[in-house]
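Each structure below is given as structure tokens.
Each of the two complexes below includes subunit A, the first together with subunit B, the second together with subunit C.
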Partner chain A sequence: MHAVRIAGAGSTAFSASPERTGRDLFGEAARIAIEDSGVPRADIDRLCYGNFAGTVTERQGHQGPLMAEAAGVTAPATRYESACASGGVALRSGVEAVRSGAVDVVLVGGMERMHNVTTERATEGLAMAADDLYESRAGVTFPGAYALMARAYFEEFGGTRADLAAVAVKNHRNALGNENAQFQREISTTDVLEAPTVADPLGLYDACPITDGASACVLVSEEYAENHDLNASVSVTGSGQGTDSLALQNRESLTRTPATERAAMVAYDDAGVAPADVDLLEVHDCFTIAEVLALEGLGLYDPGDAIDAATSGETTRDGDLPVNLSGGLKAKGHPVGATGVSQVVELTKLLRGDHVNSSAVPDASVAVAHNAGGTVASATVHVLEVRS
Partner chain B sequence: MHAVRIAGAGSTAFSASPERTGRDLFGEAARIAIEDSGVPRADIDRLCYGNFAGTVTERQGHQGPLMAEAAGVTAPATRYESACASGGVALRSGVEAVRSGAVDVVLVGGMERMHNVTTERATEGLAMAADDLYESRAGVTFPGAYALMARAYFEEFGGTRADLAAVAVKNHRNALGNENAQFQREISTTDVLEAPTVADPLGLYDACPITDGASACVLVSEEYAENHDLNASVSVTGSGQGTDSLALQNRESLTRTPATERAAMVAYDDAGVAPADVDLLEVHDCFTIAEVLALEGLGLYDPGDAIDAATSGETTRDGDLPVNLSGGLKAKGHPVGATGVSQVVELTKLLRGDHVNSSAVPDASVAVAHNAGGTVASATVHVLEVRS
Partner chain C sequence: MREPREEGYDDLLDALESDTGYYLSCPAGHGSLPPRQVCPRCGDELSEETLPATGAVVTFTEVAVPTPAFAGKTPVVLIADFGPVRLTGELLDGSDILEVGSEVVPTVASSPGGDRHVGFRLASER
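Now for the complex of A and B:
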């Protein structure tokens, strides 16, 4: 198996940019990542690209070839779609391709554009991540689905809206100074608790925003990195994926996320690390409760124990286990198809020491990226390690 | 590299089945393929699944988990989308996964459902395979785009509408007795030439139909096949993918398909075969001209030489190089996301000797499947070989 290095990483600003097309956004992210890598475009062997709702927001399927062209790449290009985990599965496919020796250089990336359509249309688009037959057409959208999970969690394990609010407050604070983040402003617990209710117990500030943006990474084999003297100190050492029933009604539990558990088990085993080795994480906090469930699914907390991780300060910037130092989906933003790749862009910078929050984790060596689709019907987990 | 065997293959009937949901269709194809393979569902390590327009026709994205559940599989599941080559890229991903040793058993498949929406809506859905900015919104749909290619071909190399008609006549004849084919009836050259014009020079019978259906294959490593005494005589020995500009306007030529050329070069090299070794093919004949361009792109004919391959009888059932013995997209039907997998299902049966047209190719050992997306902005080529 060939070791996989991250030679370059880049994102556009995450924002509301209805005037920018998808190809414009992805072209920019790809250019930043490729320039960061020092790899000539002609060496890129394939593009693995994630996008979720382009057919709805841009009437544009078949985005693989389109985005290859936008990136100035002529290699074979494929679009992966796994709802909000589209970026994660594209990344995983790129990692597997380099590992297997099939290729030496892969451009992985993702893009989403949603502010160019009405909120109603964007909501319809996002609802396609749920089961149309048993959920969407019955009126269940994602705030409602995650509210069900939060209520079940409170009932089973306890916890309060203030515990969830602490996650939002933490992630907004982390986004301060992250130049790519959509929201670079602090919020207070009171702001969260007094915000309009979206789906009880979740309020407006328990939810991530709708975001336009793109991210990309250049993955290379260790041999390629060494032969080309690349500065690629961060490696992808573990990769896992898990799948669960699409509809919540078919799950045994509303408070466990077996797709995350399976993906994590595979990724840790792959990397030869244990949860206790992890120094920092980017997890899929599409709603505040999702961060809690992710930390438990990833084996960092026992079921029921992660609810006060932010409240207690354990997962804050200065805690023992910083989570979502980028600001997370909550404050950095959630351009759906890009998110899974964006997490790795942020972790790469954090581990390399060129992130605004790198000073919070000066000795970090093991990082985890967790990307989820729907109500965690899909999950990918990647382990990143830095050579000191 | 681990050798890849096809342990099982199956399709639903291809037809207009507006009453059947996508999960119903894919569940059936998966069941047939799994039963054909003799592999227990619990041994399936992943699902690679192709679908193109489900977000438009069923408001359903995130079909990986949905279709895993429909197939009774709990393994990680990912949807691949590359327009009409969605099945081909899903297949290729499964082949690569087994080859690399990452997994032993992969269920690959695809599904499309389009008859449940209006023709206008289906046309809109299909147009998403083209470049929205430069083609679709200017009114270019696929009959128009392929008509441009046909006119350019006639101008550059010569050829007649009757030559194209011979492709349609041949493929309809091949579909006779193929129990899964959408059209099991002969048509005459006159039928084709006198059919209503869709986009000059292409008439109604130069185009494939809109189809509902699903296909699936179980791929296994050679080691797994041997350890489990599977009857898996057909191997996938070559796999290639190529990408071109999405919009026709950015191409150097309207009569060449470099994505097919690149995919073929990689696949032949991979399998260690030359075009002259190929005994039969399933190629992407979404329009009659597309079969001509495919045969040239695949290196079986020089540019300009394939136009009369059907007229002369070379590619008919009893010719030297039978093409689309299944009936092709033209008569077997074209359930978009399933097509690339369906071609391999048909070739597997043809090579194993359990296809209605196996008697046409009793000594065949090398077969090629060619799947294309859009105006061949995406192409996959797979080489199949049978152990005698």
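Now for the complex of A and C:
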């Protein structure tokens, strides 16, 4: 198996930018990542690109060729769609392509543009990640589905809205100074608790924002990095993916996320690491409860135990296990199809030492990225390690 | 109703409307909902079985920011456990006394947008 290095990484600013087209956003992220890598465009063998709702928001299908052109790349290009895990599955496909020896250089990335449509239309687009017949038609929205999971969690394990608020407060604080983050401002527990309800028990500040943006990474084989004298100190050493029933009603538990559990098991095994080896994580906190479920699914906490991880300070910047130092989806923003790649962009910088929050993890060598689709019917987990 | 009908799904809604709800079961007893060719858990063949008359609420929420199909409403949605299967749907009455564990009876509801979907009434209100 060929080892995979991250030669370059970049994102656009994450924001509300309704007037920027998807091709412009992805073109920028790809340009930054390619420049960061020092790899000539002609050497790129493949584009693996994630996007969720482009057929709804931009009425644009067949985005692979469009985005290859935007990146100035003539390699074969494919769009991957797994809702909010679109970026993660695109990344995984790129990792597998390099590992197999089929290619030496892959551009992976993702993009989402949603502010060019109304909030109602965006809500409808996001709801398409759920089961159309049995969930969306019955009125279950994306926040509604996570609210169903949050109430089930409170019923089974206890916990309060204040515990969830601590996740939001932590992630907003982490986004301070992250120039790409959508919200670079602190919020208080009171702000979270007093925000308008979106779907009880979840309020507006329990939810990540709607975001326009794109991210990209250049993956290369270790041989290519050595032969071209690239500065690529971060390696993707583990990759896993898991799938669960699409509809919540078809699952045995509403408080467990077996897709994450399966993806993590494969990725840890792949990398030869255990949960205790992990120094920092970017996890899929589309809602505050989602960060709790992710930490438990990843095996870092037992079921029912991650609810007060933020409250107790364990997952804050100065805690034993910093989670979402980028600000997470919650404050950095969630350009759906880009998120899985954006997590790896942030972790790469955190590990290389050129992230605004690198000082929080000076000795870190093992990082984990967790990307989830819908109500975690899809999940990818990637292990990143610093290699000399 | 959305045209054309959707086989399996609309058949189940028709059955719920006439209090003859059913679910699908494989020989091992794994419950599922139509349309299905095989059991989603083991791939075995399926037969139609009678859906229990009431289910117990597992979780619920009131959706304050609905999709366009529910414009002007804040639908209360819930998941109810019927034993072999769980069903997701909209609560049509009694949201003020709804709690986890409440018994609900399945029926059919329509969104303001016109689509049919699974609905529930509180068993205590019947």
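Heads up, the rule we're going with is that the second predicted complex is superposed on the first by the 387 of 388 C-alpha atoms of A that agree within 3 Å, B and C clash if a C-alpha of one lies under 4 Å from a C-alpha of the other, contacts with A are read in each partner's own complex, and residues count from 1 in each chain.
We take it that contacts are C-beta pairs under 8 Å (C-beta built on N, C-alpha and C of every residue); 3 or more make two chains touch, one makes a residue touch a chain.
Predicted model, so just to flag it, every value in this text is computed and none were measured.
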item: Touching partner for A:Ala77 - first (subunit B), second (subunit C), both, neither; value: first
item: Partner chain(s) touched by A:Gly327 [first = subunit B, second = subunit C, both, neither]; value: neither
item: First, second, both or neither for A:Gly27, with subunit B first and subunit C second; value: neither
item: Touched partner set for A:Arg59, first subunit B, second subunit C, both or neither; value: first
item: Touching partner for A:Asn250 - first (subunit B), second (subunit C), both, neither; value: both
item: Subunit A residues touched by each partner, larger count belonging to subunit B or subunit C; value: B
item: First (subunit B), second (subunit C), both or neither touched by A:Gly144; value: second
item: Partner chain(s) touched by A:Leu133 [first = subunit B, second = subunit C, both, neither]; value: both
item: Which of subunit B and subunit C A:Gly340 touches, first, second, both or neither; value: neither
item: Residues of subunit A that lie at the interface with subunit B and also at the interface with subunit C; value: 124, 127, 133, 136-137, 245, 250
item: Residue ranges of subunit A touching subunit C (in the complex, touch as defined); value: 119-121, 123-124, 127, 133-141, 143-144, 147-149, 151-152, 155, 196-202, 245, 247-250, 254
item: Touch list for subunit C against partner subunit A, complex; value: 6, 9, 32-33, 40, 58-71, 73, 75, 77-79, 85-90, 100, 109, 111, 115-118
item: Of subunit B, residues touching subunit A in the complex; value: 21, 23, 46-47, 52-53, 55-56, 58-62, 64-66, 68-69, 74-83, 89, 93, 96-97, 99-102, 124-125, 127-133, 136-137, 241-246, 250, 262-263, 373-374, 377-378
